[in-house]
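After this come two complexes, each holding chain A, first together with chain B and then together with chain C.
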Partner chain A sequence: MADNSDRFTFQFDGRTIEARSGDTVASALYRAGRRIFTRSFKYHRPRGLLCLAGKCPNCMMNVDGTPNVRACITPAREGMTVRHQNAYPSLENDWLSLVQRFDRLMPVGWYYKTMTHQWSWHAAESYIRQVAGLGVAPQPGGGSKDYEHAWMHAEVAVIGGGPAGLQAAVEMAHDGSPVVLIDDQPELGGHLRYQKRAGAVASALVDQLRATPSAQIISRSYCFGLYEGNLLGVVQANPHGGAIERLIHLRAKRVVIATGAYEVPFTFENNDLPGVMLSTAVQRLIHLHGIKPGERAVVVATGAPPDEVAEDLSQAGVELVSILAPSEVIAATGATHVTGLRTKSGELSCDLLVMCGQRVPDAGLLHQAGGKLVWNQDRGAFLPAELPANVSAVGEVAGAWLARAMPLPPERVSFHKRSFVCFCSDVSTADLRDAMSEGFDHIETLKRYTTLTMGPCQGRMCQLAGIAICAHETGRTMTETGVTTARPPNPSVSLGALAGPRHHPFRRTPMHDAHDQSGAAWMDMGDWKRPRYYKTASCQSEQACVEEEYRAVRERVGIIDVSTLGKLDVKGRDAGKLLDKVYTNRFSDLKPGRVRYSVLCDEAGIMLDDGTISRLADDHYFITTTTGNLDFVQQWLEWWLVGTGWDVHITNVTGGRAAVNLAGPQARDVLHALTACDLSSRAFPYMACREADVAEVPALLLRIGFVGETGWEIHFPAEYGEFLWLKLLEAGKPFDIRPFGVEAQRLLRLEKRHVIVGVDTDALSNPYEAGMAWVAKLEKPDFIGRNALSRQAAAAAEQRLVGFIMNDASLPQDGAAILVGGALAGRVTSARYSPGNGKAVGLAWVSAKSSAAGAEIEIRVNGGTARARIVEEAFYDPAGDRLRM
Partner chain B sequence: MPPTRHIPLLHAHERAGASLMEHHGWKVPAYFTWAQKEAEQMVRNAGLGDLSFMTKLDLKGWGLKTPPAAGASRSWSLGPQHYLVTCEPPQRDEIAARLRSFPASHDLSLPPPLYITDVTSVYAQFLLAGPRSREILGKLTSLNVSALENLGCGQVSLAHVHSIVLREDLRELPAFHVLVSREYGESVWDAILHAGHEFGLVPFGQKALEFLGGAA
Partner chain C sequence: MSFLIPCPHCGNRSVYEFRFGGEVKTRPHPDSPAAEWMEYTYTKANEAGVQKEWWFHRLGCRQWLQARRNTTTNEVIEAFFPE
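This part shows the complex of A and B:
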């Protein structure tokens, strides 16, 4: 019984509602006089409380910004904000309820019958999208609360906190086995909670379970799926103050389904009016919340109604007008609430119609798990049989205590457009008859055509009635008609719960904070955060900053953080053999202290990645990969290593090594200030590597140059990342050093026509067409892709990656179309304004016949076209002299 | 003198108000609030510490058929003939030397029995300790941490990042080392703290560990 002394308030549609401790949102609203809780999906008919057990769609509301929350099982909380949904402007006066006047124009299968032309859908779509659906999805980023995921493991999972579930959990946990009990109600006890004579039994079982140390209870949580390997999907509402919902991935060795049974309504005209309630809902209102459900009640029951129902109504002060059999009922009357009942023997006045309906096992999870449901005529239910191993059913869901309340299939069905079977989608008995007359007379096709069992309740309210009507109309038995397939999620799950927390991990280089201090403008490259460029007081725009950085590298010295490069440490006496096999270049003959560039191709000769490989010792190589391809390259190497028996060990050291590229005519001077290593071209030539201390930090220096200037790629332990970065900047001060970002780097490399695999190449690019024939060493006896590359070397290329320079000041975008003679002939992969050339330069794929040096092409720019000239060599220092200085 | 080493989250800890100290050549958080309070919170609920300074050696090779034993270190099996050895920084050189003296076969046609790569900087290493630590990990990973016995380890996705989880209890207190690639460190640290908020998780510094060691 609700505690009357503990009262609080919450907001509903701007009104203050008083609630009591133990109230749900629905019970508090009902006590406050609200009878219409929602409007139906299609016809916007008023709907009131029906089941009060979270099984039907009649009380779905927006609670604290979350749509489609079932108010009947959501505990009321101080300060919460509840709003109605699917009605405009209010639940009492919903303009869209005019739709029901035209219900004859909306036959079953309306979409299939009206949207027969493309134009009809286009004309109707915007309107339908505005009015269709139930709740409105919250705006991304709105609200301070989050969704969560969690993983649990248990010996036994018991689903359902009624008497059978409690008893099963107590027995299973008795020997100390970890048992998890999941229950969707605010309190444990199932139907014992609202059956006054059994309340003590429920309390005793709950106390016993709570006292069992190995048992864990998760209340207010529903299980929406039972997947392979006894993986259960469970959603827990408001697990703590900071979370809306928590999705629990529960793995159990054994699953016990104790989901019980629920009542379903009878079908008669206007059976959906507010005030027409299931008997269990009435009992809940009376016993759990101390609410008098109405003044004058008519009870509809097959045979004698449960004694308790009549007794409960009487004790609650409700006048019992009559008890009728369902076959006596013709229609409920009333506009927005039931005011009476039209029966075969006359009119009855009432404001409450209590249906003692058939009890149906809640067997959806068992069906999902692969269990077979078999019709039992005596019990009037589809009962589980042939359950999978380690899944069992107990209590009412297994058929215990169930009895058939009415003949099934029924002897007579009243077909009427307002005799509703499916409350979720407004599917009536007449709709089912019409659908079957159109040929959809199999229960599965009937389901798909009418959307029966496909709404938020997932068939809980309508499945049995639908099957019974189908059987009645087709003359088949219930067994022959069969049951629709249950699939997860059942019941529905919010997308937020499935998506989980707003957590996207990202990667920071060791110099991240130093870049921040230097005014880095950040960009995302995969999970990495990289400086796109650095904002300074002297430059007002991105272009100006990039140009300053460009000039620093070309004229003085610049430094860029390249820690994002993938770095693999490869050791073992057969390491060279593996690299020879996987890369197109040769590495077993590479001398220690030397670096070689190569690409990685697949069996079809397609370029997958590129990078440098340094030989540090006879059995030790150091590979760099592109930023995004590290994991792939490591897996590729390990894949080709399998089964060889070679002594090769690959370790990913990406995170452990910071890396910078120091480049420019004065790079040597800067580095010289910090290391004793002889940096002269004679002692340390281009494509050489040395291990040396830089500012007392042990480092690996590679003399390579992606940006086309004298430079060193310096790899060193990440814990010194910020220290050495700042040291290099300090040493470079006399030379006016500038840190440069990705955008300047892309411009600098483009002037050198250096290709970025994955940007300038795609899933069809081979080295020959990309102008990198020199990288494929076909004289090697074997390597991955060699056969394909041999064929490609001999064949005429269909397309080529070429450089181009614009004839005027136009700047094409990456991806711009290339035209030759007005016909599409290729696309731009990269284009940037080149300060060194005074015009934009770029790389593009063009058809081979249009790729001759000096040929003119047209490029789509800003809706028009601009002319460009194909250039064979690099746009900057084509001989590479500056790299070797 | 070589410069002081920085753990991956040094600046993040500074922003969180940590007082820093030097610990075997590394700059680490001494405490975030008050060492005794952090230790008590760890014992009562859970605490999260940054132990990225711990030495980590990656061992691979045909000779590794049994866990390599070397002084005051822990060996964690990551796969067939693949171990991770962890120890305090001062022991690093001694342990590495001992591992290098791993007995080689007399058959010279066989490759060397052991390859050692220092992966100390590759991983950020966090210690999640306390009675609620299992529940916190249960919000971040599908690993059945309850089934992970003391000195057991597993590799798993944790907060969407590949992680190595090592269980090394602090006496009676359940404790888990979480190792993630260094560059993901701050993201994972934040994710653990966020997940642990409902369980009273607090960050702790080196002094809290020392306090716990002395008081226990």
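This part shows the complex of A and C:
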């Protein structure tokens, strides 16, 4: 009941509307005199309240920036901003309503009939896009509110808060089972709320349920889908002030569907005029909102006289002009609101036309559950049969209390182009007849051709009428005609609700803040944030900064945070055996204190990942993986371990260890200042590893050289990440040390022709074609991929990964096409300007026959082509002397 | 796709917690003929009915398990850790 003492206001199209506690947006607007609530999709005809239950498309508005909100089930709130949609300039004067004058030019199947040439679509597209669609999508970043997701589990989920749903929930929860009840209305009670004689029953049931501790009630939420494993998709409107909608993933052992039934309109000419309303909508206006719906009403009903509705109208002070059977009605009259009725026995004057229509079970979820819907002639409804286990239907949706109100299929259909079946897309009885005469007389093809049942209401208003007319025209029974398939989502769900919160978790390395202070320009790599390069006072552009960082590494010393590398600690008697089986290189014969590089292939010989493996002790190895592949590699190793009984323990230590790579001709001098470890090449040669303290931090030092200079990869406890980073920078100060980012690292490694698996290789790359034959030890008796690799080793390569250097100053983009003799012969995987060469260098896949060293290729650059030469060796220090210094 | 997998360690969990590992196959002996390796590497039975599959419980116990699943109904008959 509306409470008259509590009044507040909201804005509609710039005007202030007074609302009362208990009002919906629609009821407040109706009380304020509004009769046109939207304009129809195709013809822009004025439309007013029809169902007042959230079932029809007639009151969709923009609420606080969110389009297509059903005003009739959205509670009015103080200060909200509501705008009309699909009309310009206003709902009362919509210029596009002129479209209906040209309806002859827009027959059913208009797109198929008109857009028969490509040019016709090109010519029409921009105009159609301007006028088509419903509502305007909110602009990105336009709102401060958000969407959220939640997960719930229940013993029983009851969908629908009417009497049947309430009763079911009370009974199921009574033994303490967790029960969740979902209801889409502002208040529980279903039709008992507005069918006044039963009002007391509703509140008693609601009180009983609220007093049951194991029952949870979620109001103003609709269930849009019932999926495999009894997973329910539920959207809750305004769960709290900070969220527009919450998507609840509700998993229930049992689902009770109590969605009830809704009333559907009759089809006659101008049945869509504002003022033509369903009887349940009129009852809602009177009993829920205390609104007198009109002055003079005509009631259209079949079967028994609608006593209750007549009584409600007279008590509300509405003059009842007449009660008619639908077969008497010819047309409603009026321009933008109903002013009268043309009947077989003459004209009647009225401002309210009340349709006591057929009640239709809201059975979409039952259909989705895999239930079969069977026509029941007595009840005039498709009712569930053969429901799956753990899904049941109660109340009107199961057929209780339903009665057929009219002959179905009808004995006569009045075909008229203004007699609407589908209110969402303006499909009339005449459109259906035309479509069927064109051959679309199966209910499923009729649906697809006319878009019947495909609009925002998803067939709630039109499905039964559509089937009935199809049955009538084709001479088939309702059963033979059948029902269109209901699929989720139904009703429609906003993309925002599905997408969920704008929350992207990411990982920071322990040195993150230090990078920030050094001017890091960030990039995303997998889950991680990494410095792409560092902005300093001395460089203005990314290119200049990267070149400075490059020169520091090549000429002095640089340091990069490589904490994001995947790090696996592998221990156990059989650790070497597992690595031998999974990696292509050999590890069981690796001496403790040594490091070896390897790739990881699948059984087809495709490279999946690469990294270094250090042997720390006889039964202890330390693996690094590429940043994004850690999970995959760990799962891969564990997979091949299953069932072997081998003694191997794999521990992911990625988050626990920080890592830096200190590289450059003076790297040894910097490190020497902080450690007692003998760093000379004699004591600590290239591809060796040592455990030693660095600045008193216990560390693992790997002497490896991804960037091509003397250097150490230092792994140490993450807690000391920032401490040791700053210590190293401090120790490097006398040598003008420079932190470098991912971009400089990529350039440095490219000059060395070091491949990045996943960048320079793809899902077809084997080590032979990638020029890394040495990494596959075919003499091992068995390893993953050996069989395929041994065949690839013997076969002629089809393509090869080669280095190239440009002939001129042009710089190709990664992915640029390679041409040989004008024909496509490959693609660039990485290309950068190489300061060491004064030209761009890169890696590229080239067809084997064009891949000889010294051969000329053409590369697509900026729409033209530039010439390049294939180079066999690394572009920098091909002998690797600098790594071993 | 929203069925449940009865993880032998964690209990009934949503399939979204798992990574699919494909059909369970027997890896040929290293010296097996090429045709056998080809079959193992590239072809799938793609059973319309119950098949044995690998699943990894990514967001749970992080262990590899095997399940017998009916591919036409997504009913998981059993899930277990292989011996």
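The working rule: the second predicted complex is superposed on the first by the 883 of 885 C-alpha atoms of A that agree within 3 Å, B and C clash if a C-alpha of one lies under 4 Å from a C-alpha of the other, contacts with A are read in each partner's own complex, and residues count from 1 in each chain.
The rule is simple: a contact is a pair of C-beta atoms (placed from the backbone, for glycine too) under 8 Å apart; a residue touches a chain by one contact, two chains touch by 3 or more.
Because the structure is a prediction, the values reported are computed rather than measured.
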Partner chain in contact with A:647 - chain B first, chain C second, else both or neither: first
Which superposed partner A:510 touches (first chain B, second chain C, both, neither): first
Which superposed partner A:695 touches (first chain B, second chain C, both, neither): first
Which of chain B and chain C A:854 touches, first, second, both or neither: neither
Partner chain in contact with A:571 - chain B first, chain C second, else both or neither: first
Larger contact residue set on chain A - chain B or chain C: B
First, second, both or neither for A:153, with chain B first and chain C second: first
Touching partner for A:79 - first (chain B), second (chain C), both, neither: neither
Contact residues common to both interfaces of chain A (with chain B and with chain C): 251
Residues of chain B touching chain A in the complex: 1-8, 11, 26, 58, 60-62, 111-112, 115, 117-124, 138-139, 141-144, 146-147, 159-161, 181-188, 191, 194-195, 197-198
In the complex, chain A residues that touch chain B: 148-153, 178, 239-243, 249, 251, 501, 503-510, 513, 527-528, 563, 569, 571-574, 619, 647, 649, 651-657, 695-697, 717-723
Interfacial residue positions of chain A with respect to chain C in the complex: 227-229, 231, 251, 603-604, 631, 635, 638-639, 642-643, 781-782, 786-788, 791
Complex contact set, residues of chain C against chain A: 1-4, 14, 19, 21, 28, 30, 34, 37, 40-42, 54, 56, 58, 63-64, 74, 82-83
